[in-house]
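Below are two complexes that have subunit A in common, paired first with subunit B and then with subunit C.
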Partner chain A sequence: MTPTIPSVRSRLVAALVAFVLGFGLANLAIFTITGPDRVLVLAVAGVLVLTSAWGVLVADSPRPVSVWAVIGAEAFAIFTLVPMLWAVALATGDGTTPTSLWPQAWSGGGFADLADDGALRSAAGLSVSAALLATGVAALPALGLAALLVRTRWRPRHAVRTFAIAAALLPAVALAVGGGDLVLRLGGPFEDSALLRVALVQLAIAVPLTTWVFTAALASAPWNVVDAARVVGAGAVRVLVRVLLPTVGPALLVGLSLAAVVTAQDLALATSVTGPQATTLPVLLLDRARDPSSTALVAAAGICWAAPVAVLALVVPRTITRLLGGSYR
Partner chain B sequence: MSSLQLRGVTVLGPSGQPLLDAVDLDLADGEALAVIGPSAAARTTLLRTIAGLQAPDDGEILIDDVDVTGRGPRQRDVAMVFADHALHPRRDTLDNLTFAATLRRRHDRAELAERVEQVVDELALRDVLDLRPARLGADQQQRVAIGRSLVRDANLWLFDDPFAAQSERVRPHLRSVVLHWQTERERTSLVATSSVDEALSLAGRVAVLHQGRIRQVGSADELYEDPADMFVAGYLGSPPMNLLPAFRDGDQLVTPLATILVDDRVERAIGDRPVVIAGIRPEHCHDATRGKVAVTGGVEFTTRVDDVEWRARSQYAFLGFDLDPALAEVLDEVEEMFEFDLFQDFLVAEVPSGTTVRAGQSLHVVVPHESIMLFDPDSGENLTRG
Partner chain C sequence: MSTLEVVDRRRPATGSQLARGLPGLLLLLAVVLVPLGRLLWLSVTDSGLGGSGGWVGLDHYAAVLGSSSWWTTIATTAVVTASLVLVQLLLALALAVALWHLSLLWWPARFLALVPAGVGLVVGAQAGRAAVDGGFLATWFGLGDAGPSTVLAGVVVGELWRTTGLVVVLVHVALSRVPTPLLDAALADGATPWQRWWRVVWPAVTPALAAIVVFRLLDSWRLLDGPLLVREPGSFRTTGSALVADNAFGAFATGPAAAAGVVLVLLALVLALLTLAVAKVVRAR
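Moving on to the complex of A and B:
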């Protein structure tokens, strides 16, 4: 696809907007903000003014770069980083409400208490175990279904894939009452084990999500190489070991990790099948967040809980984008 | 060596239309057969079905007189060059060359190394041995795919458009390499290609596949000189045979450019058909503008040259004509039936390169009467076939 080159007028207007925003923020910082936050806001204003200057310089350039896109990326970074900075300020503080976005205390705050809190540890353990169990159980049927969707001319395959995607996007709260009630009625081992109850109800997230990402992963498999291997006499195991695992294995692993991480974030379904004795981390954090004295601990736990998502997004961004059905390349 | 027989092999497409329609083929031990036709999908389906990657909806496949129709690729001992190369994306050239051979449990390492060395030299792959497919050009990828099949050394070789990505300069060399391996080892091979020249240079016999059916099988000469139907006549040859509508008018057949005398041969051929299609090869259109040609009783006509295309040893004169709209509609229906562009509103005459022919001048053409073929417009059958 040939990249579009924005017009000079568009770039100049974007540069003007960046300058006005930067100028406004700088004045706001100088006249109304005090302390370390002034430096932060001035830095943001500086970036905007520099963007404006760069926009003027490249206005007439044939390079396919959009000044509006750069401003958008900067806005995205600001609106993502500000809440994160605030969470860090809360987590590292001494329990009182911080007065600045820039963390002041660096005393360890909530992070220091994380290891000592048994309820948090067991909730995190339950969340991780249940998510891994649900994803692991979901993986096998999802792989079979994905193979069916990708490798056969099964007529309803498009409808099934659309259904899987729709089910993965369905608000979990819509299934919470019905799903939770069904699981609670099962009795037997489910009555005694919170892990089994949570894992079972979280299959409602894990199955469609793993089907979605596995379908994308298998669709990009080199099936022609599989055919080439079959022609020369390779059996199913050899095809799996020599062709499929090296080529699709990494994408399947990333897809499985993504599904486990998303499943572990579930709040609504887990709430419907757990109680005060044993619950998942998101449910416990929401409960603790209502107590002002636990703010630092909850913020610290929240940051730790978000870490796997950040790691996945930073380490394998392309694979995740591809698995979710799109590519920026 | 292996013999190969296909008996009424039918493969249906996704919407139920036949990709292969009762295909019969016979290849003797060590024989090379080329399959040509305009549809890449049909050619590929034929090879995939023989390889066991696709099950036929009907018919039988016999390798060495053993029915392998229900057996998987593993039991067929076949090597195949895929049109899309099918190289392992995470392995370098050397690994891809040995990939096919090492996938089988028992292989002689020393023999494999020797074959790889030979293939690497003959296919000019030494400089790219440590590169993965993504870093190779399409031509290099294709050479690796060919090399992989040669290294594999199966009893039956299948080639699906094996030289399509190669430049015109390299193709003859590659063809000779493949031909050399094939004849030296007496391997039975089937080459599917869209290139008529390629087919003729690689195989002793050629099968023309169109609309899922094998239209004709024979040597290049047989197919060219004695085509079974209008499609074979119009598909083979560059430029292809000129096909003109011809009306019966008493003892004459009237075409847009010339009138053909109905003699006994023509009479027997056309029977009571009011319209037939006359086929004239460009090389049978002799230029008689500046003198007599050694043709007696030929069909003669004079017309204006619309355009001239120069070739090294000859030149093609394009002689335009007008078609009656009703007739054009009939020809459109015939083309629709064959799903192929058979008719033009010009006739191509091959003129020796020494002759001065310019657009706008008149050209007097003589066509030997016996070289004119006649085809049935409804079935496409060659009515003058010997």
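Moving on to the complex of A and C:
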């Protein structure tokens, strides 16, 4: 957006709000919080008071900086970092719930237990394999359908896209009751293989989700370049290799990865077709999370489980943003 | 051609395009409609542990709809959904606007916003529960023994942390699509910041916000992991999804659970349609 110069009054009011917030937090820290958390909250209060002082200093300056926006960014940092710090405090604790936000023990806590827990590793393996299988099966048909929805004037395209989005947002537990009952009745390889059962029932999430993200990815494809390539005589393979893969290939890959991540996080559908002998990570974590002595292990597993999303957010942030932005157009 | 003319470059579907799209369409219909069909069938039969599997008509529906515990659960779900979505939307709107003004910070902010979504639902819920049940929030504010409502609130806070970043990114994308020439023209005309917000930015982002609200409403409506984690036997301070899951996979009362599942889906549809209707009215005004 075009930078604008906020009014002096707006900056002074923002500075006042920052000061009041900082003052309130400092009082909270001094009178009610003890231990290392007090220092942490006092530091946040200090940042807010400094922001207030800076706001007063720049109130009359021609710099196009909004003090409100700076307070908002600080609030955003607190809102995202405090729970992350709490997750680390839980994961590095001795198993019981820590009473302070600042981690008290850096002994490895739940991370050390993760390596020794065979059940957790096999549950994670089943989750990942089933999600990859389900999204892999969904990928090609969903790509064809997404191309049909994006590229043509096919009459029911709006209805089909709405159906895919609605299906992706349906209460999964409803699909689990019906789908799980059907899958458990299947004989043959499904009777012995938890992987096949979970992958089959998770298609109910993977197919609508993959169709949805592929539609968003293909909507931003340079179709005019595709048309131009066709006009100058390029065949289907050349168009695919020279135009489509370099332009929408990364978005399709990232979309597929996100669909796999969401599918792997499913609890309801997996619960309906697994038992104690072979289960997925979310189901096992739910079971473990009920036991207060497993707090560190569950938190550590959650932090590790977030790694693929963190890697994607670090490597291809723009593609993710474009996909998310295209998801509701 | 006027620059305001919208050109639709789509062409009528060819036979080969239809043939390529058909497997996906059939798969999509199969993976959604077959389980839903089975759900409907289970809801009208005496299925589940010890059931005969025979036809019972609408008996399960009558039992579900006549149950006060079911409606207590639905009321809890509605309160959880409404409070979660409202707080999340206001928070995300404020944070996204702030980050929209500070474009330099967007790269690290986007990373911080997206990572919590990767933390599993159970883990987010557990972190929220632990914070209010003996954790740092309980220590700071002297919460003492956390009751079921406090614990459920903790789970909702965990979900708020897990998903608000995603909503911030969605709202930021909507804000970045506001046409810059319109903002510049409003600035040149001497519009105040509030006038620019209400007359230029707000109308441009309303459709996106409506879509985001529908997504979040439906996603919160089906909240399952956290409520399952904190639910105490006999307590109805839980969500509809958790109650259905408890009945289907805990008590193996498949028939009543299926009927409750059908009602839950229908209520989700009503919720989505109502939100879209409200959004249409807001947009028209």
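Just so we're on the same page, the second predicted complex is superposed on the first by the 275 of 329 C-alpha atoms of A that agree within 3 Å, B and C clash if a C-alpha of one lies under 4 Å from a C-alpha of the other, contacts with A are read in each partner's own complex, and residues count from 1 in each chain.
Here, a residue touches a chain if its C-beta (ideal position, glycine included) is under 8 Å from a C-beta of that chain, and two chains touch if they have at least 3 such contacts.
Bear in mind that the values here come from a model prediction, so they are computed numbers and not experimental data.
After superposition on subunit A, the partners subunit B and subunit C are seen to fit next to each other with no clash. Judged by the touch definition given at the top, the superposed model places A:Asn224 against both subunit B and subunit C.
Of the two partner chains placed by superposition, A:Leu186 touches none, neither subunit B nor subunit C.
Looking at the shared chain after the overlay, A:Ile320 reaches subunit C, while subunit B stays out of its contact range.
By the touch criterion defined above, A:Val232 reaches subunit B but does not reach subunit C.
In the superposition on chain A, contact of A:Val241 is made with neither subunit B nor subunit C. Judged by the touch definition given at the top, the superposed model places A:Val8 against neither subunit B nor subunit C.
By the document's definition of touching, of the two partners only subunit C reaches A:Ala73; subunit B does not.
When the two structures are aligned on the shared chain, A:Arg153 is found in touch with subunit B and with subunit C. More residues of subunit A lie in touch with C than with the remaining chain of the pair subunit B and subunit C. The gap separating subunit B from subunit C at its narrowest, counted between C-alpha atoms of the superposed chains, is 6 angstrom.
Shared contact residues of subunit A, touching subunit B in one structure and subunit C in the other: 153, 224, 227. For subunit A in complex with subunit B, the touching residues are 153, 222, 224-225, 227-235, 238, 242-243, 246-247. Across the complex, subunit C meets subunit A through its residues 8-14, 17-18, 20-28, 31-32, 34-42, 47, 91, 94-95, 97-103, 105, 107, 109-127, 130-131, 133-136, 138-142, 158, 161, 164-166, 168-170, 172-178, 180, 183-184, 187, 193, 208, 211-212, 215, 218-219, 221-222, 224-225, 228-229, 240-241, 244-245, 248-249, 254, 257-258, 261-262, 264-265, 268-269, 272. Against subunit C, in their complex, subunit A makes its touches with residues 1-2, 4, 6, 10, 28, 32-34, 37, 66, 68-73, 75-77, 79-81, 83-84, 86-87, 89-90, 97-101, 138, 140-149, 151-154, 160, 163-164, 166-167, 169-179, 181-182, 203-204, 207-208, 211, 223-224, 227, 261, 265, 267-268, 271-272, 281-282, 285-286, 289-290, 295, 298-299, 301-303, 305-310, 312-314, 317, 320-321, 324-325, 327-328.
Listing the residues of subunit B that touch subunit A in their complex gives 14, 48, 51-53, 72-74, 77-80, 82, 84-90, 99-101, 103-104, 148, 152, 154.
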